[in-house]
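Common to both upcoming complexes is chain A, partnered first by chain B, then by chain C.
This part shows the complex of A and B:
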């Protein structure tokens, strides 16, 4: 009985999916891969590209897409977020042309091709007025496991630590857990947040809070005067420079992914995202472009 | 040939409209059930109330604290804002002079138009730090209740104003000619008549309060637990969906749709209870 209804649903899903895909192919397929020669001999691209996935990469991808579109007025690039997992799923199902995945691909994900775009680090942030200047890996681990509950045990003020953690499914959380060899089930958070900015806002208003956010977000906020500071990790400062030099340990890959060989249109965008011009944009977002 | 009866046309149009409203509700319910079905089939439903915790990526699906969280925050906000709202409406209808009433009503109207995310933002930069100084971490049941009260208060004032202004003037005039005091008129003539209207307004706003998402997400802390005090963080069903939906796959995603379904059930129960206790207009 259960088996039956299950099959009906999945076959229904397949039909919907097939209709959707064929619809997308019908509407966009004929437009794709067209190039219009213009004066000067430079070919302009036209058509549509769908990019979905990680919310860390999405703002950068949207910016790159906007610049790329302005160079190719016939081209439409649609960037949507939904997390790294969605980026992968959409690529597998053929719903999007390029996926965004903010971590290294796992070995079992060999059906997908990764195009490394940049590196991003995760920095531990506390309030600017917090007298703590550095924490060891072990101390951070103990804080998140609830073994250290008061700043006093770390030679700080006698106040309870507000532990800020990320919601399930976020890639920042995955990278953090993986690096510190923690399990989310064991973490004792006081606050659970969604995106990086929420973490920055909370920490900047709470002298006794600790959180982890993307280095790019932290650096941008510190430069613009937000009352937070990023703690060094293993003696290495949490800055994009140290990230670029490969010294900062808590880092992750930002990848564009495609299924097998990208379409010429997708390839053109991927090539642009690795150009010198794009490097500047990537750096503006606080990420470190690949060499 | 007879011209089509205008009443008939109107009737047909109205029937279609009513049909669309009912159908959209059925469609939402159908879709929620359909999306929640995989999780309901793969694990037995008592686990949503007995599992150790909510860690869907590790296979624990405890929903109970979020159901309690949603109801708690909603009740708290209504307890704070309903009396405040009704009293404000009474003030503006029967006590305040016109030069005061007009700006008051305009202000309330403007307040009711402010998107709730703004209240959430104000909450995170003012109320949360204030509470954190008093008792860490600041993001808590209390912060949620305060912010939510601000969000529903203007609407309660508006609806109460409306309910109070629709009292038949003749009753008020009769009471006045009997020489009753203003307090006695409000207490024994106006309020008993306005009760159903006030009550409906509060029920409607409860629905809004329990459905509020972003503002609550910003100030409540979102830790999945049954809070031990009003200073502890809590996660509501709506925050749960908003926090995790974008990143959820398979059973996790399905469990989030189940959160949505639970929310509908809770709202339905609230409405049913409200209907059962709905007061009738009576004059003492």
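This part shows the complex of A and C:
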């Protein structure tokens, strides 16, 4: 028994050792690759750029970063998510180079520089089978304040309204509250959600729910056949077209932010994100690029 | 069970029905989950899905970088947690008794750690490994955070399997004049190897499913990592982002989830196979 168990231990040891060695070889091998210069005609950027913040912008920023990296193979852009508040905190602490904030900067945030990337609208969504075709600002306000609790009083079906609100720290919430002049403590939600897609999923499965999500998200889902519809606001349809023309009232800014003047590297990426080429990518994500 | 004479009263019948129903419920639940994920995810998977990089935030393209990051995080996490786990379990099972204050203190700590929500663990990992130790968003930070999360599970189950070894083995070893070292490494650990591997399987499952703790430590970057100091997105974070933040990301999310489950099944099968080999060898 001793003999046998001894061989087991040593073979286990060997496996672990082998794994470790191959692992070290793997990592150092890649390290070497990194230092080999890449031949290129144009002067290429190199270095590392950290971008953190809003989960609404993060997938778009990651995609822009991937395209920009492929043009500059020596450049590494790391995009991290976590919300607009985190984006602001990280650039204040110097943890990141560029922050992502999906709202307009407040006047007291004047230590921060904003670089507008795109606009995003917020649309009120209900289930496709809900007979309601439009709501006034006042009605939406009353629903969220819990004064209207049943669709019947809005000439709908006799069913209780499921009110879906966004979680604290989400800029969609802040923009929504600001537009309807509401305070979050007064809102009587049935469900509190984090991300846009979560709102779409809930409403598409609940005929009597109401929520507000990014216009791009809503439009994409409506086009691909999800059972939701976006309600017009002040008689203006909730589409990216109406948002681009400036007619749709409930909109928000998507900003890249920096603490001081951006570094040359950060500036190069910011310039790229406003280029004509980047516009296409931004539109693919359902946002409206700046003119 | 059949050999035992049974008193067929109502309570027995009810118990039987209840336990059968629970068993069937679990199988149905897992079956439905697997069915749903397969139906929605399978059409999105082709061979290139496994070796291509994601395109368009993951709506098109593959998941190769995520697979690599996930496996690297997993290997790193086990390299860190397994030695510490085995050593702590040996200490708890062989060097102290259950009533001693320090071992009770360790157990109390482990119980608390295992009850900490993973998002809190993630924030701890962010504050400690990423910021304070300046490891940055990296596979290493993620692996360290995960290691801290799986340690309680690892230590407690290894300790249990060490304690399950009859005391007579230890007494005999001492009577034969074996050193503590040889007794532990040549008798006790091989005998406990099945339990250790089971603990490893459970830890792998927990580590691969973890999302919240990794979002803030190993990060969100979709590129293939160059080294363990690079940020890399794990499969679970990828699934989370596709289903929560990317409009139209659902098919890819399902496909990635299917990959994750199949990967887990493969790893579990391999570990079970290794465990059988070890068992057969040590029985001889």
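The rule we apply is simple: the second predicted complex is superposed on the first by the 250 of 291 C-alpha atoms of A that agree within 3 Å, B and C clash if a C-alpha of one lies under 4 Å from a C-alpha of the other, contacts with A are read in each partner's own complex, and residues count from 1 in each chain.
Criterion: contacts are C-beta pairs under 8 Å (C-beta built on N, C-alpha and C of every residue); 3 or more make two chains touch, one makes a residue touch a chain.
Quick caveat: nothing in here was measured; it's all calculated off a predicted structure.
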| item | value |
| --- | --- |
| Partner chain in contact with A:286 - chain B first, chain C second, else both or neither | second |
| Which superposed partner A:95 touches (first chain B, second chain C, both, neither) | second |
| Partner chain(s) touched by A:160 [first = chain B, second = chain C, both, neither] | first |
| Which of chain B and chain C A:220 touches, first, second, both or neither | second |
| First (chain B), second (chain C), both or neither touched by A:58 | second |
| First, second, both or neither for A:198, with chain B first and chain C second | both |
| Which of chain B and chain C A:82 touches, first, second, both or neither | both |
| Contacts of A:66 with chain B and chain C, given as first, second, both or neither | second |
| If touched residues of chain A are counted for chain B and for chain C, the larger one | C |
| Residues of chain A that lie at the interface with chain B and also at the interface with chain C | 2, 5-6, 9, 55, 81-82, 194, 198 |
| In the complex with chain A, residue positions of chain C that touch it | 56-58, 75, 79, 131, 137, 185-187, 189-190, 193, 215-216, 219-223, 226-228, 230-231, 241, 243-249, 278, 281-282, 284 |
| Complex contact set, residues of chain B against chain A | 34, 37-38, 41, 53, 55-58, 60, 124-125, 128-129, 132, 136-139, 217-218, 221-224, 233, 235, 242-244, 246-249, 252 |
| Chain A residues within the chain C interface of the complex | 1-2, 4-9, 19-20, 23, 27, 30-31, 33-34, 50, 55-56, 58-60, 62-63, 66, 69, 76, 78-82, 95, 194-198, 200, 216-217, 220-221, 224, 284-286 |
| Complex contacts: residues of chain A adjacent to chain B | 2, 5-6, 9, 55, 81-86, 89, 159-160, 162, 167-171, 183-185, 189-194, 198, 201-202, 205-206, 208-209 |
